[in-house]
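Below, chain A partners chain B and then partners chain C, in two separate complexes.
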Partner chain A sequence: MKKSWSHESKEYKIYVVLCLILGLAIAAAGLYALQKLLVPKYMRGVVEGSMIAEYYESEVPHEVLFLGDCEVYENISTVALYRDYGISSYIRGSAQQLTWQSYYLLEDTLRYETPEVVVFNVLALKYGEPQSESYNRMTLDGMRWSRSKWDAINASMTEGEHMADYLFPLLRYHSRWDELRSTDFEYAFSRDRVTVNGYYMRCDISPEGEFPAPMPLADYTLPETSMDYLTRMVELCRENDIELILIKAPTLYPYWYEEWDAQVRAFAQEYNVPYINYINLRDNIGLDMSVDTYDAGLHLNLTGAEKFADYIGQYLVNHYELTDFRDVADVARAWEDDILFYDELRDAQNAELAEYGELRSWGANAIEN
Partner chain B sequence: MNKKILSVMMASVMALSIAACASEDEDTAPVVLSGGQTAESAEGSGAQEAGETAAASADAYVFTYNGIEIRMNAPANGIIEALGDGYTYFEAPSCAYEGMDKVYTYNSIVVRSYTMDGEDYIAAVELKDDTVATAEGIRIGSTEDEVRAAYGEDGQPGTAGIEYTLGDSFISFIFENGKVVAITYTAIVG
Partner chain C sequence: MLFTSLPFVIFTAVLIAVYYLLVPRNERWGLLLIASLAFYFFADPRYLLFIGVTALTAYVLAIITEDYNAKRKAYLKANKENFDSDSKKKYKAVTARVSRLMLVLALLINLGILAATKYTNFVIETIGAIRNQEVNFVNVIIPMGISFYTFQTVSYSIDISRGTIKAQRSFWKFLLFVSFFPQLVQGPISRYGDLSQTLYEPKRFELRNVSYGFIRILWGYFKKLVIADRLVIGLKTLTETPDEYRGAYVFVVMMLYAAQLYCDFTGGIDITIGIAQMLGITVKENFDLPYFSKNIKEYWNRWHITMGTWFTDYIFYPLSVSPTMLKLSKWSRQHLGNAIGKRVTVYISCFCVWLATGIWHGAAWHFVVWGLMNFVVIMASQELEPLYAKFHNKFGFKGRKWYSAFEILRTFLLMSSLKLFDCYRDVGMTFRMFGSMFTTFNIGKLFNGSLLEIGLTRGDYTVAVIAVVIVFLVSLYKKLRGRDVREMLFERYHLFVLCCVVLFLATMVFGAYGMGYDASQFIYNQF
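After this line comes the complex of A and B, so read on.
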């Protein structure tokens, strides 16, 4: 016998509510899937947008944390630090990472672990204002939601950006329908690994060339905003018993003015933190920029990054009491997996270089058009 | 009855879908995969772009070199083409291939360009020697007083010189011992 419900019956109301909940759940799932499809994946060519999120997958503790832009994530081999010194480190680097983004990434990291040493590369101090939505996205989208991410977005948004677009990336990317590539489908719900504990490897070689003379400036004062965040970084490290080190990577372009260097040196002296400008130490590091760079001197390649890591590692073990994680069995096991990935990546790049004379699956040649 | 419920469900889906699209401006998603686009930008019309530059001169500083007007933030390709081949060239891709910084060094000036949405625009012009001068007659070797007389007293003083802003550009004069040792025009981007 067919049952009939009156509109006022309790059963009917429950039925309606359940249907509404189901409808909303289906809609939410649909929008979630759509968003997963439409957001950029950063899996080919431009992989920098994948780096920040990778940190959360790391299974080892990190006693040394690097923060900064390409001058850290392309220039320092985390595997060399471990292999040579037993240092377990992570590079939370991203393209044109601004100083306040580094600060909030440090805050974010402290939600998960407290490193012994934080190393911050100072090049980004020259930026006092948000620069680019694309770069913002590469740094901020990969952060897990927290107060730190919220604050980082607020500090970073350029004109025309909205918090709602970060909360619901579909709002920003819904128009990517006609730009979708095969990787958008392949990596909608999972991503490949693109770094080794934050280090982005390149094995090709393009010798350092001559750089144009730096453009003279009327005012060399580093922006107040970035210097304020640097001060906050010092304070945050002190509150958490972390040693902060300021570095300038040994690469020459973009130009690092003497006047900027003097200001950072004065800051370091005032706050009693070490500052090492490695530009002046290229010979000590052993860099041969005819072979240790892959893009005419802008960044180091694998051999350069291993030399630089070896040099920094020596400083770190000489000045700080760091654990030799090669003697900590469970951590060593995890690092062995990382080393395996590192070696496979190196071999794959070298094989491509041997076959084609250039990399085709990494860098500019791999960008999907 | 079932139709009503179905309608409510459909309305819910549509409301969420509309919310996803309606609050967004009609501009495109940020360019995240723009590497390699700079090569395409070499197709710009030189004569037309140079004409546009002259017409827009009230919005920014304009420097004239060998009769070619170079306006900050103007499309670069036509200007570079008009300036001729007598330059040395340097380029450096930005992080994550988000653009290309290009530097053209001529006898007496250096022209820098930046890339946005696949097109090159004038980022800066630097005067290298005293054979060239600004439209106001200031050149390397001019005195600080001559600069203030030509550009006024309302410049922004810096640690090494003074800057004057006009529209989306500024001009910088760097002094040593009271004399101009460098002059740069710079675009304000964004």
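After this line comes the complex of A and C, so read on.
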């Protein structure tokens, strides 16, 4: 191109402009592809990072929305709720999901639908400060961009994190070029489902063991920040005519102190919202922790999650006027697909358990090293 | 704002866009001044006070000097019939004395600020060490780039006093010369006579300037982020636990630091010059393929050029031709003979230059010793020159390719050895570690995987080696073809754009930045 064109000629100017446009396009496409390739996929082992984004794929309305950490997304079977009571629900939960993250996820959900009931698990109230960058990313990266996501990031960032890293995840994950795995290429542009309407299934069994004795705390007051966000959650629900229920899942560890329980109870009374601590209702639920947990009592397995769903579902239908979506053809069709996926997942896990005595494609054994 | 931080990139991008799109050509220097002051303000608002005082004193004293000289000159011209040769000389001597007084005042104020901010704790520490007492350091602010802008201002004051440049009559324009933001971080040390040629003139958008500047910025980031900031991780481990890494590891330190320092410093200068070029401003080059030098003198003519020429022009020459030195030269020739006598003043001047160079680099003894070691090596090589000449004449090696390569390698190794002072930051430790290369034979350890335990993975080494090879090839192209690779690329603009895209994407992916990496400041930012 250096040949005959003068740098002042019209042809040369067109040539330069075309080069620049093409260059910008290649750079943008390159950045897009590299970002897709380099961000973690959370498809094997640690799948929690995939959960939040899956919500946007769901096509059915959800009258019940669960918010919280692993004490909801591993302990309540959304399929059992539907199958037993016709409740269409979704769990917006992720690993160590902090109270303000749950609040902003609720705000985010309200952009798409308004549930009748929101169930919030209170364990995360104990955290008043952002905890960990990796857990932040698992929750926040999956959210679609909105004011809620922006605020959630601002409220969650630990030291060293920057908004720019969330806006352009390549800035955060560029160094993963050294640790790319086959799944990074396989799932660069599309992901598999890892939950059934937010419920993360585990079929293996590891009986509940002894937990360490609870450590005495210097101060049992629940942090102001998390309680403030809980108050905001109450107000947001009221503004949108949503019934809020506070629950403590029936698992014993991490330890839920009596003093914390009393504060939540007092809060619930003050704001006139129900609070149910299921720890004391394990027998009523029918939990047998020798078979209903997959990790020595920290979380419930499928049988435990179905029992807990059955119990909590009974409460929901008794206290709230919820639609029985089994009678709503469009919704029922979508749920049938979910049930199919649920059953296939269960069968696949049971087949692995029968063959190896343990799960190899899920959980810690599946982490790609 | 670090050069490598996102706010700086956004700041520069917005500035360039506003500069060309919104501001009239004649007013563009004003925008640069605002941007420079904003840059300094965001670093620390207190810095503005220091740079303001430095600029104001140099500006006022320069105008007083120039006006006074002009008046005296005009008076002399108007009344020349009243002056005979003797009275004319006397009149001129008075003029020169006043001019000198203004200069001394300017130097005292500005070098005084530099000394007070940068060297107070060094003096306290040294006195404490001499007296063997514990010392309390004082909390002094060291404004960013103070050594650079002070040297620029000092050169301005001296040039005004010498009458080689005209004083800038607009304070704001002069403030821009002192505070021009791209070069505040790590130089180069610009002279008013050079920089003012393009700093204030109305600029129009020129594709060549903007393109050359842009790719140079990318190239700078590539060197800084992909090579320098990656290698610094390994270097920290090797030099912060020296007892574990002796012998052959010291050679590794030499090699890594040679690459790291070069890419850090030249990378920063590339970004500086690139930004200036995008703005249509020509800033002096600071490097000219220093690692291709065949001897140390040549190396110092090619490395940190603006600092070297500054010391030559404002310390070496004035000192060499000062009345005291001339007297000393005469005396030493008479008493020590012509051969030795003529060297005495040169060596003293040279010694002063290298002492000042060492001190300029940092308020620490290892820098002083580093400077003096350079002096020793340069003097030794100068003294041995006749011997070399004899050797070359006898064997006829000179000019042969392999011998040139040997000379380049020799100079590279020698200069890399001297840089160990900067790595270990302790004079005794540096000598011990250098000595261990010849007393601790542990070369086998380099191949048992221990180099993968210093914070660098196989991937890091691979990326660093490939990037260094690319930097070498680009340098080699310039060396062999005598022109910059950018010029060749610019002739095929599509290739030019493609190179920009590749450089950008490579830096984005392989750069050592963000979480997991410490954002490392440019090494020369501390000077």
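Operating definition for what follows: the second predicted complex is superposed on the first by the 350 of 369 C-alpha atoms of A that agree within 3 Å, B and C clash if a C-alpha of one lies under 4 Å from a C-alpha of the other, contacts with A are read in each partner's own complex, and residues count from 1 in each chain.
Convention: a contact is a pair of C-beta atoms (placed from the backbone, for glycine too) under 8 Å apart; a residue touches a chain by one contact, two chains touch by 3 or more.
Note that the structure is predicted; figures quoted are calculated from it, not measured.
A.B. asks: Determine, under the contact definition given at the top, whether A:26 touches first (chain B), second (chain C), both, or neither.
C.D. replies: The answer is both, since A:26 touches chain B and chain C.
A.B. asks: Does the superposition put A:42 against chain B (first), chain C (second), both, or neither?
C.D. replies: A:42 sits against chain B, while chain C stays out of touch.
A.B. asks: When the two structures are overlaid on chain A, which partner does A:95 contact: first (chain B), second (chain C), both, or neither?
C.D. replies: A:95: touches chain B, not chain C.
A.B. asks: For A:133, is the partner it touches chain B (first), chain C (second), both, or none of the two (neither)?
C.D. replies: After superposing on A, A:133 lies in contact with both chain B and chain C.
A.B. asks: Look at A:172 in the shared chain and tell me whether it touches chain B only, chain C only, both, or neither; answer first, second, both or neither.
C.D. replies: After superposition on chain A, A:172 lies in contact with both partners, chain B and chain C.
A.B. asks: Under the stated touch criterion, which partner chain does A:160 make contact with: chain B (first), chain C (second), both, or neither?
C.D. replies: both
A.B. asks: Check whether chain B or chain C contacts more residues of chain A in the superposed model.
C.D. replies: Counting contacted residues of chain A, the larger count belongs to B.
A.B. asks: Touching chain B in one complex and chain C in the other: list those residues of chain A.
C.D. replies: Of chain A, residues 7, 15-16, 19-20, 22-23, 26-27, 30-31, 34, 133, 160, 164-165, 170-172, 174-175 contact chain B in one complex and chain C in the other.
A.B. asks: What residues of chain A sit close enough to touch chain C in their complex?
C.D. replies: 1-2, 7, 15-16, 19-20, 22-23, 26-27, 30-31, 34, 38, 133, 160-162, 164-165, 170-172, 174-175, 177-178
A.B. asks: Okay, in this complex, where on chain A does chain B touch?
C.D. replies: 5, 7, 15-16, 19-20, 22-24, 26-28, 30-31, 34, 40, 42, 45-46, 48-49, 69-70, 95-96, 131-135, 137-138, 158-160, 164-165, 168, 170-176, 179, 209-213, 215-221, 253-254, 259, 295-296, 298, 364, 367-369
A.B. asks: Give every residue of chain B touching chain A within the complex, in rising order.
C.D. replies: Of all residues in chain B, those touching chain A are 1, 5, 8-10, 12-13, 16-17, 20-21, 23-25, 27-36, 90, 92-98, 103, 105, 110, 112, 124, 126, 156-163, 172-174, 181-182, 184, 190.
A.B. asks: Flag every residue of chain C that touches chain A in the complex, lowest number first.
C.D. replies: The touching residues are 6, 207, 457, 459-460, 491-494, 496-498, 500-501, 504-505, 508-517.
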